[in-house]
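The following pair of complexes shares a single chain, subunit A, combined with subunit B in the former and subunit C in the latter.
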Partner chain A sequence: MNDMRIIQRTAGMNDIKIHAKGVDVFYGDNHAIKDVSVDIEDKTVTAFIGPSGCGKSTFLRCLNRMNDTIDICRVTGDIRLDDEDIYDKAVDPVQLRAKVGMVFQKPNPFPKSIYDNVAYGPRIHGLARNKADLDEIVEKSLRRGAIWDEVKDRLDAPGTGLSGGQQQRLCIARAVATAPEVLLMDEPCSALDPIATAQVEELIDELRQNYSVVIVTHSMQQAARVSQKTAFFHLGDLVEYGETGKIFTNPDDSRTESYITGRIG
Partner chain B sequence: MTDATHGMSEPRQKTSLTAADARTAARNRAEKRFQYYGIAAIIAGGVFLVLLLTAILSNGIPAFQRATVNIEFTLTQEQFDEAEGTMLKTKVYTGFFIDALTAQLTESGIETEFDNKRIERLLGKVGGTIRAHYRENPQDIGQPTRFELPASSRVDRYFKGTFDRSGIGDGNRFIMPGDLDFADDLRAAGILTQSFDWNFITGVDTGVDNAGQAGIGASVLGSFMMMIVVLVLSLPIGVAASIYLEEFAPKNRFTDLIEVNISNLAAVPSIVFGILGLAVFIQFMGLSQSAPLVGGLVLTLMTLPTIIISTRASLKAVPPSIREAALGIGASKMQAVFHHVLPLAMPGILTGTIIGLAQALGETAPLLLIGMVGFVARYPETFLQGFEGPNSAMPAQIYNWASRSDAVFTEKAWGGIIILLIFLLSMNILAIILRRRFERRW
Partner chain C sequence: MPVYWLILIVLGLAAIGYVAGRGRAIASNGGDPRGLHSLPSFYGHNVALSVMTPAFGLLIVWLIAQPILIDLSVSADIPDSAIAEGQNRSLVMSDVRRLADGLDLMVQDGTITEADAQSATADGDLRDRLADVGVALGSDIQAYVLDAAQTYRGMASTGSLFMWGAVLLAAIAGFGISYAKTNKDFRARNTVEQGITVLLIGAACIAILTTIGILFSLIANTFEFFRLYNITDFFFGTVWNPSFSGRGGASELGILPLLWGTFYISLVALLVAVPIGLFAAIYLSEYATPRVRSIAKPMLEVLAGIPTIVYGLFALLTVGPFLVSVFGKDTVGWMSGGTAVITAGLVMGVMLIPFVSSLSDDIINAVPQAMRDGSYGLGATQSETIRQVVLPAALPGIVGAILLAASRAIGETMIVVLGAGAAAKLSLNPFEAMTTVTAKIVSQLTGDSDFASPEALVAFALGTTLFVITLGLNVFALYIVRKYREQYE
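After this line comes the complex of A and B, so read on.
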């Protein structure tokens, strides 16, 4: 766990990993995201908070173009990953998603063995030259996912047979296995019990060493515990974005304060 | 908040939990009544099923039995040469048979009278059968040889209890009351016995002369060839169409139209497909009539909607989280579908396919229109001929038999139904096994 008092926490000066400017998202006629601009830093955990339906998940899904799979969804604006426009015509969303991994709300391991779950990404992206390589990637990823010790003796067991928390860590290991640069997490702990949540949060903090992590969460405590930067969304607007310590103790906007203190939501 | 205060003005009456109030009692009675309706419906269904099976089995099982005359005799080379030298060859052979039969009857100590005519009425043209056997198997000359000669259909039915003396009218040229006495004698001597009739399963259709010899074998093969065609065509086409429609196609007016039409196609009467097949495959494309290939093509058209509907349903049943998981780690859409969605949908697809095939297997109407209901007295000679040559199919053969006048064929029709049902049952069992086997939890 991250024991630092949130008031003392400051984000270091890191490079900007994702640069979003003037992003609008429409679901059919519904204007879901309104002119959002965010700079997401490398090696930082950024939390998106806000009431249900405020667009935080939608915005997260723009970052690896998962919204492309929804027919009626339309995204405008400029999102750059390392200064490359990810909505450029020349960009293959498949390649983008290898760089920007995603962990979903509900643990969704493939109904295959634990090993195959993790090995699938490296296999389709050709990251391993031989079996030994692949074994190494699988072990490293499972260690990153903080689940290696629990499953190392039963890599052939089905991933769906694990407990909820283990499944979610397996999914994180699976996302890590493709060596992404950014990891998007859409309410990764909402289906987990407090103990599993604590394990996943600890893991998120460790992942910060290597990745830029963006997490959507409903739990403000969680946002306060794991993130360095926080963005508060409300009704499709980005209300406030800044250092977590500041957002939670001394927000600029009254709506942020109302939400954090439980008056709107 | 008017709801909360509503009804609060009067004090609530005290009621006991153990005594049901009128409303609850009525509700419980309604539920009980519904359960009784359900049980009654199940019982009714069960009764009909039992009736159906009893009818089929009691009428059909006799078709698998056959009264045969077993006789053993030795034909010497001289006898053979002598017989082949005469004008009326088969008559000489009938003579040999009668001699052997007389010998065997005397041996068993039974005295009875018979002549050529009686033998012919009982066993058909025995001489021809025996001559054909020796001409084809000359090595049997001089050896004791065993003949199993099928008794005529009336004698056969006499022993099965579906034919008796009262059915013999004056001037009946097929059978006389004395024939049946003679048959009883033969049975007493152990020469005429009833045994399992393999010929019914392996044989081909026959004319009315030896109705008892008719078998369903060629039609089983015809049905099998059609099923191969249906499987090879409808499974890949159906699955490819469903995957495209379900996973890739944009949702717009055009795809909606296709979707509605596929559902409608599933409800089109099969005879319509038959006349379509006649017009397109036979008259326009010039494929041969009565061929299992054409039958298979027509049945493919019929089966496709079933397969597409069930495949789409099972693709839809795969949780979207699996697709997202695959896309989220950078799988292409096709990889997500083929690596993850399709394996999970497989049990449903296989079940749908087999149910579709079973439906096609029992289909008769379209076959009537493309001429697969003809008289097929020969097996196809080569594998390819099995597809192109004229053949019948099980249900068409059953229909054909049922419409003939000789009562033996009616019995054969019932027997054919049993065989058809065995095929359908094994296909359904296969579907269940495959579904169990491929089913995976997620």
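After this line comes the complex of A and C, so read on.
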């Protein structure tokens, strides 16, 4: 862990984007998340780390109500996006998910052309006035996904024909295309090789300029490299949350230290 | 003695062989089953299989070969001069066989003794007495037929005597050899495995050979038909008007009206089945709760288990009269009778719903959940997700399902016979009676027509055409399903 690159952080000066308080999640009788409270800042990369099954992905999926698609899942507590309760009855989860984009563990491009993959979100939300507008959104998103140069000559080719790393960047571009305010990433690099991982990490750092990014990762090096804030989950509890530099060098909780140094997990 | 006794004896030998082989194997290791190469039961199975395989193999070959050989030799003995005008050798031979069987029956019944049977003469009341035991002969018994029948019986009884001997010998030899080989080092397990493999290969071969056999009988008769009837008139003729022998006049046997009827009825059926089946599949796989699904899916599949004749009755007795009451003389006057394209098409469509829905349901379920999550994560609703992501991903498979349903519709017979009428017509009106290739195959082969006439042989040409069409559809469907399946896995 000594060679880990921990850069100087510029966190702590941003507004709170997501405000979660006393969140509990149940899968049937299983109490998956226990009374978690986190404030996620705008224009910041927040990493969730912890051993498998600790609830970090589950908590991530609460933030855009993806858990609604699972029948037996029940969420209680208060999660506010820009001071609006996202579990309020007045909130349409579909609208919410357009504002809180998501990138999944395994690249999942649709069986459509690269262009149609990116244009999917803008089309269903009516973000483009005309074809030229849509073209522009697609190009901008693909540039932001750092994949434009690789695919600009074959926008009509199927998205499933790209390599794994390209597919994942396409999925990021696809999520960016709906102009979200928050981007949730569920282990976005776990299916990628080191080179593709480096490209995606670089991309995440760029995305920080415009979005609040929340990333779940199993790789502590990755958390240390890309995030400004880190939350450590263990067995459904939020053990510790703070500046990434502090979590990795001088954690308050002994469990965090044990996990980071590889004694538990 | 009948053959089943022989089968029972061989089975008995096999059972004894099992016990003996197992016992010998254990004994060869001093009564301890642990040191054997294989489990004791494998040694038993090995002996039992060695008894049955050669014996039953020989029995099957013998049972197939013996009648053919006897037929050949007896039929060569019948003098050419004896064959009457307007008859041929095979007809005489069938009389010979029937007479021989009749005599056997009488001996079995105890009506006459074996000696009497051998000395029976052609004159007298032999024909009447044969009729008493249920063997009807077309004409008076000729002397040469009786002679041939006696030769036939003689050869058959000698043959079956030899068969008994050979089969029992094979069984005992198998027993002896495998029993002698049984000791603790013999690899009975591997031998039995090999035996099982051979059994499985045999089963696969039978299925394939049967298909080839059916194909050849179709093709041979089709060629026979095209010798008698012009091939272009058949494929391009627009009139179907077979005249049956005796009524005189030449037949017109154009396939086009029948093909048109087939396609028209199938089209109506698919227009019913595809939307309903597909929507049902979407509901079941995407919207239904597991509880509803667990009840609704089996119920839908019950439809697939209904015999087609029942659908035919439904068409004839319920749907037809209902359609007449809606579109008949009393209202708009479009429909004159219950049997029509629309009747058969609707009912066939109902029959095909479970095909389309069940296959499509499986295919939609096979679309990865990650695809749906991706769409939901972008803020798509469930119906947007289904329309724009799930269905396009599942489309190749759904097309395949529809093509399979289409080939089912084209081959369907009973619903058409009862629901669509029997008139071969080239018409666009769905309220008219029409008929299909399959229904006409049935009507050409049932009835009194001479089997060698073009009116009967045309059934084989129709069957071959239909076979080629459905085979093409099936191959195309499988091709599509396979080609696109790889893309998402």
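Here is the rule we go by: the second predicted complex is superposed on the first by the 257 of 265 C-alpha atoms of A that agree within 3 Å, B and C clash if a C-alpha of one lies under 4 Å from a C-alpha of the other, contacts with A are read in each partner's own complex, and residues count from 1 in each chain.
We take it that a contact is a pair of C-beta atoms (placed from the backbone, for glycine too) under 8 Å apart; a residue touches a chain by one contact, two chains touch by 3 or more.
Source: prediction; values computed, not measured.
J.: Label the relationship between subunit B and subunit C on subunit A in the superposed model as either fit or clash.
T.: The answer is clash.
J.: For subunit B, sort through 55-63, 73-81, 127-135 or 181-189 and name the stretch that clashes with subunit C after the overlay.
T.: Of the candidate stretches of subunit B, subunit C runs into 55-63.
J.: Would you please give the residues of subunit A that touch subunit B in one complex and also touch subunit C in the other complex?
T.: 64, 66, 69, 71, 94-98, 101-104, 106, 108-111, 120-121, 124-125, 158, 160, 171, 174-175, 178.
J.: Spell out the residues on subunit A that touch subunit B in their complex, using ranges where they run on.
T.: By the definition above, subunit A touches subunit B via 64, 66, 69, 71, 94-98, 101-104, 106, 108-111, 120-121, 124-125, 158, 160, 171, 174-175, 177-178.
J.: Note which residues of subunit C are touching subunit A in the complex, please.
T.: 289, 368, 370-381, 384, 388-389, 392-393, 487-488
J.: Under the definition above, what is the set of subunit A residues touching subunit C in their complex?
T.: Touch list, subunit A to subunit C: 64, 66, 69, 71, 94-99, 101-104, 106, 108-112, 120-121, 124-125, 158, 160, 171, 174-175, 178.
J.: Could you list, by residue number, the parts of subunit B that touch subunit A in their complex?
T.: Result: residues 250-251, 319, 321-332, 335, 339-340, 344, 440-442 of subunit B touch subunit A.
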